[in-house]
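To start, I am sharing the structure in question, which I have written as structure tokens.
Order of writing sets the labels: A, B, C and D. Residues in every chain begin at 1.
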Amino acid sequence: MSEPILTVQDLHTHFFTDNKEVPAVDGVSIDLHKGEVVGIVGESGCGKSVTSLSIMQLVPNPPGKIVNGNIYFKGKNLTDASEKQMRKIRGNEISMIFQEPMTSLDPLFTIGNQLIEAIRIHQKVSKKQAKSSAIELLNLVGIPRASEVVDEFPHQLSGGMRQRVMIAMAMSCDPEVLIADEPTTALDVTIQAQILDLMRKLNKEKQTSILLITHDLGVVAEMCDRVVVMYSGKVVEEGTVREILKDPKHPYTKGLIRSLPNIKATDQKLYSIPGTVMRPSLDQVGCRFAPRCDYAFDRCWEENPELLEQDTGRQVRCFLYEKEIERGVPSNDRTYS
Amino acid sequence: MRYRLTLFLTFMLAITLVLAACSGDEDESAEEVDATESSESDGEETDGSEGEGDSEASGESAGDQVLVFARGGDSESLDYASTTDGESSRVTKQIYESLLDFEKDSFEVKAGLAHDWEVSDDGLTYTFMLEEGVTFHDGTDFNAEAVKTNFERWADPDHEFAFTDDGYVYSMYGTMFGGFKGDEGHVIKEINVVNDHEIEFVLNQPLGFFLQNMAMSYFAITSPQALEEHGASINENPVGTGPFKFVSWSKDDSIVLEKFEDYRKDGLPKLDEVIFQVVPDNAARLIALRSGEIDIMDGLNPDDAAGIEQEESLVLHTRAANNFGYLGLNTQKEPLDDPLVRKAINHAIDRSAIAEALYAGYAQPAVNPVPPGYLGYNDELELYEYNLDKAKELLAEAGYEDGLEIELWTMPVARPYMPDPETVSEIIQNDLGKIGITAQIVREEWAPYLEKTAAGEQELYMLGWSGTNGDPDYFLSSLLHGSNAGSSNRSFYKNDEVDKLLDQAKRAVDQDERADLYKKAQEIIYEESPMIPLVHSEPVLATSSDVKNYVPHPSTSESLAEVELDR
Amino acid sequence: MLAYTSRRLLMLVPVLFGMTVITFSIIHLIPGNPAQTILGETATEEAISNLEETMGLNRNYFIQYTAYVGDLLQGDLGTSLRTKASITSEIGPRLAATMELTFFAMIFAVFIGINAGIISAWKQNSWFDFLAMVFALVGVSMPVFWLALMEQWLFAQELGWLPAYGRQESRNPIDPITHFYVIDSILHMDMKQLITTLKHLVLPSIALGTIPMAIIARMTRSSMLEVMKSDYVRTIRAKGSGQFLVIYKHALKNSIIPVLTVIGLQVGVLLGGAILTETIFSWPGIGRYVYEAINYRDYPVIQSGILVIAFLFVIINLVVDLLYAFIDPRIKY
Amino acid sequence: MTEPILEVSHLKKYFDIKGGVFGKSVGEVKAVDDLSFTVNEGEILGIVGESGCGKSTAGKSILRLIEPTDGSVKFEGTDLTDLTSEEMRQLRKNMQIIFQDPYASLNPRHKVERIISEPLLVHGMKSSKERKERVKELLEIVGLEAYHASRYPHQFSGGQRQRIGIARALANNPKLIICDEPVSALDVSVQSQILNLMEELRDKFKLTYVFIAHDLSVVKHISDRVGVMYLGRMVELTDKHTLFEDPKHPYTRALMSAVPIADPDVERERIILEGDVPSPSNPPTGCAFHTRCPYAMDICKEVRPEFENVDDKHLVACHLYN
């Protein structure tokens, strides 16, 4: 495989509130290759959104700050980039769409105005040209009556339509990387299907790399090539989508999959992970999942497990697999993509 | 769109700041601009008065003889006879003239539009010889017919120029001449035009202060043609014979008068322009005076007066007293019907403390219910001594050695003679307490206060009186004549002897005789103490030291004809 | 928008009716005989009954009210008892004076207030933010008369830069056309007069505008902080736009709505409540007109003044509401 | 089967749209439009649909938390729509509701103790000691600790708050609970805890649920029968196995195919519906779904299909089956 287009290396983003330092992202590393769709999965508070904002250098500061780590985009380290350099990258080479299409558009400006703005920030085109490309973009993302919609305001559109507008905006400069932060969570299933379809199409046609942040394993299964599972600010497992869903290794991933009510499954009692999600903390010693883990043993409480890596790229952060991986036990097939 | 507006606002603010900053050298540059400017504005002004362009230009170049007189409030009306407002007569005094005039600093009568006058021995016929060759500002001639028209206008509500339907009431005429046409007490029987320059007033009964009245600014002469032309809006378009003619009035702001070139006295007026400027706030007015924006400021805070005296560029003036505030005693009510109690109270009030507390010393403790300097002011009487022992003695004599309780009604509004009624009532309450009188302060709204005191519901009460024509009758009769009990005599004082003296004085023509009669009346009043005069306030004002020949008149209205600026 | 506007205009009718009832009642609510109150201590009984007759005070309330409203509808506010002049013609120039002052005071307040609020929000917790907010707090609690006198003392007396009083130089008055002197001096093509007029506006505008400025600054700041946290601001930043665009285009427009409410209210307050400033700076405005009418118990003027101020207040708030609808497309017309 | 505990027939809820110069009503939003179904004792009826289909409005109208426009709701034979508000208040003891957002539905200024004991007080438990006991008991039932009673809502996680909401609903031993999206705000791992809890409680207290949700897999997991709503109407209703194995209505089918499944091996035909749900203020004529239906026929545009039995106890509103 070629060089990754985007590399997150040992990222630490901490939040400083009320004399407390919260390591929201605690040593996360992710690679994203050209044309690839990588999912970051985890429950709320696991640090997946902060990771994406860190890549864009949009973590609200204060209270948040990247305290350590590097983010390489096409070889350039974004953590060293100035605000001005970042502005050239944002929306141009790396775009982002957000979870809440209802609130992510400025309610006081027309769709067209906001799209034109996005275009004209990065491209020297006239307003008229920008408007026609805005209409083109709206057509591209499947908005009917695009030439009318440009002059409408966000509140006149449904959630699905707004998310399409967000995608159009994100695609306006043909970015190489699209970061989608829970793009369909707020949408209905039938609309979610439309949006996922659209994103897949863009990925195939324009070879846009997508970093898809979601809590929905179903969405992951439909969209992603590789998956990173996060828990409490740390990556606990990484692998291909098949590896993760069919052969989860980390007890957390396992629990997560088992606790899903499955539309195809029969009536048995759902499995549930006991306890509640642990907020990241600097004081924490040992594995962060230990308090909820069925397999936890003494060592888990005392020592922080390292991320173990197989040469296939499969990674797990769990003491249970130390031996297995040392022995080089092959994982399930790697052909799936 | 939003930030285009912001940019506009930035621009506006920048301009304002630049204006503020570059004002230092504005004067020189203004000169240059003015040359081109005035020619331009001349061309554009079509309906302005003819002389305006010239006077403005000359005003600019001469610059000096434009006097700004700053005062606290605007004039009510420039029709002097239909108002009693001092700020109005201050201005009309410059525009209009009466048949007679007062001396510069007193109420002594001198010639006005009439250079001479004769009184018949019975005091019923007054003949005035009028100045010849006098014209009104509108160019029409001043003559006896004009005088007659004016007096008839005031006397007869049905007169074509009375403007009764527009709310015009000539209350001062009614007060001074005993009522209006057809009223029983109306003193003017007929007015006869002898010839163009001689006019004769025939009275029903003698009126001791008739000449005094003729000098009042309330009875000045308006051009009959202007009355014809302006009708009821004569109050905004005054046309008289005075040293200055009216130019413009911007309400609550300024009244501009300019020199009347054809003024009957040669060489007068000296000023080219007079501007009466309203600057309501005392402190702001003083700042404006110090910064040279104004030349005369009326209504100085007594507290600031001492400071002015130190400043070289400013001159402090005092206006002679023309009013007094008093503590009234309802002589019909027990225990105030006893003169001993009244005298006891009179001895217990510390007038100097009041004068000091309220006027920083710019007031005189009052002896008589007439201001000093008035005809017949009795200067032989001495101030009731502030003597608590004597007061207690008198109280004991009256049978109140154990003290008594009494109501003290306090005014709800400030008046020139009583700038802070609340404080005065507290001082009085405190003083009375010292001799065992417990005073209960009663507060009423202004209208009920006036109605109830006129009805005699009060015991002790506070009020005051301000002079108009400078005649003692206006004080003594109004306040203490038995016939006025229940209206202006709220002490309900009835003393036949005093009434008789006042009536005689009102009818007497000889001024010395009148003075004697008033002095006698004051003696009795002094002894009986129906009211306790507190203080005569002496208003202070300041001018820039450039202002010459300025003499404040006790009536508040002085002619500025002789004033000049020396800078 | 048209339907919304006309609906709002229709809603004015009962408001105006209520206003006339209140102003009409003023004269009958004071204790004692109004005629006595008006005429004061030297009034004769005859004068009192004359005045009652002229003012129609002896007729029944309903007839008086009908006559009052009838006159109002013809644009006749009555006659001032004190000056005997038509109130309609007297009130015009004063209204112009007040409106001109209010306009400039609000420009000052809005410009400084909004910008200070924006910068404070932008540089939250910086020294500027700290200073600006301390200043705003002081501004809100500073007595207007004190500020005004300090201004006069410093800029008029000590430095001599700016005039202490009035709308124009006493020695060189303007020939009024509209009574908005800034407009008048432009109409006269008189640059010098314009400069003079503007110079006269500086100190009173600052005195009058300081409290609204402080209120607007605080309001803008908190409103901006709220908006800056919003999702769409994040979106705009993710598009790669600079702070200036974010703040002056998007955040400002979004945060202006609560600020607009404050501006509307403050304009109303300034129109009616500028008595102190108008007195100290000798500004012949409507506040002083009514205040003096109260002193002289000139009831027709009090009634009309209050009515006009209330009317303006209602109109301004109507304009503010229409502006909301103009700025925010979500408001249903 | 036993008598139905709840019988909803022809329930309608229209909201007025205000507008024009005088703010008159210029139209209606037909949030719930002629909804009929029954719920048997001890049963869990799931209601699914996308946002705006009227499922939450239906839930609230049943309890008369908002007044229905028309139709009747019978609870154990009593018609709720005829009751006075006082009678209704009495009856609410037996019928409770749990909301989606546990945080918004708990007063943030009250302690848990007060939140749970309030319905007890309302329904006549005067003794404060008794109430304390009951609160403790309820907290334990929903898997919390007794000491939690003295805390404020913000001190809890989302799942714990939903447990508090459930405890409050259970306070007066209701027979019927309407669950309005009770787990959709929760994380997956917590969601399963709550679902399990709800199932346990149903068995333990013989509860009946009307379970409103948009997540098909959740509904399928918990329900006995499932109704599918579209634009204020029920389009299909049957027991869950039949529904999920043999969905009849084209909308139901599309809905099911749209649910992503967390299994990369599952291959299926996906039906992607065009466009959005039409506005309920201006619903299409005839069958409301015809604008997006891949099988739409001419009749669908004109005639509104009846909601009738197709197979045994399988109600469908579609012209394809009539």
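As a convention for this text, contacts are C-beta pairs under 8 Å (C-beta built on N, C-alpha and C of every residue); 3 or more make two chains touch, one makes a residue touch a chain.
As the structure is a computational prediction, the values presented were derived from the model and not from experiment.
Think of the whole protein's Cα atoms as having one middle point; the chain whose own Cα middle lies nearest to it is C. Counting C-beta pairs in contact, the chain pair with the highest total is B-C.
For the pair chain A and chain D, the distance between C-alpha centroids works out to 32 Å. With centres taken as mean Cα positions, chain D sits 86 Å from chain B. With each centre defined as the average position of its C-alpha atoms, the distance from chain C to chain D rounds to 54 Å.
Centre-to-centre separation of chain B and chain C, using mean CA positions: 35 Å. Multi-chain contact residues of chain C, defined as those touching 2 or more other chains: 253.
The residues of chain A lying in touch with chain C in their complex are 56, 58, 60, 62, 86-92, 95-96, 98, 100, 103-109, 114, 117-118, 121-122, 153, 155, 166, 169.
On the chain B side of its complex with chain C, the touching residues are 2-3, 6, 9-10, 12-13, 15-16, 19-21, 23-24, 26, 30, 33-34, 37, 40-41, 44-45, 48, 56, 59-60, 66, 68, 70, 73-74, 76-77, 79, 82, 84-85, 166-169, 171, 174-175, 232-233, 235-236, 248, 250-254, 256, 273, 275, 277-281, 283-285, 287-288, 290-291, 293-294, 445-448, 450-451, 463, 487-488. Every residue of chain C that touches chain A in the complex is listed here, in rising order: 125, 229-242, 245, 250, 253-254, 327-330. Against chain A, the residues of chain D that register as touching in their complex are 50-51, 157, 159-160, 187-193, 195-196, 199, 214-218, 220-222, 244, 254-266, 270, 272-273, 275-277. Touching chain B in their complex are the following residues of chain C: 30-34, 36-37, 40-45, 47, 50, 54, 79, 81-85, 90, 93-94, 104, 107-108, 110-112, 114-115, 148-149, 152-153, 155-157, 160-167, 169-173, 175-176, 188-192, 195, 198-199, 201-202, 205, 248-249, 252-253, 256, 279-282, 284-285, 288-289, 292, 297.
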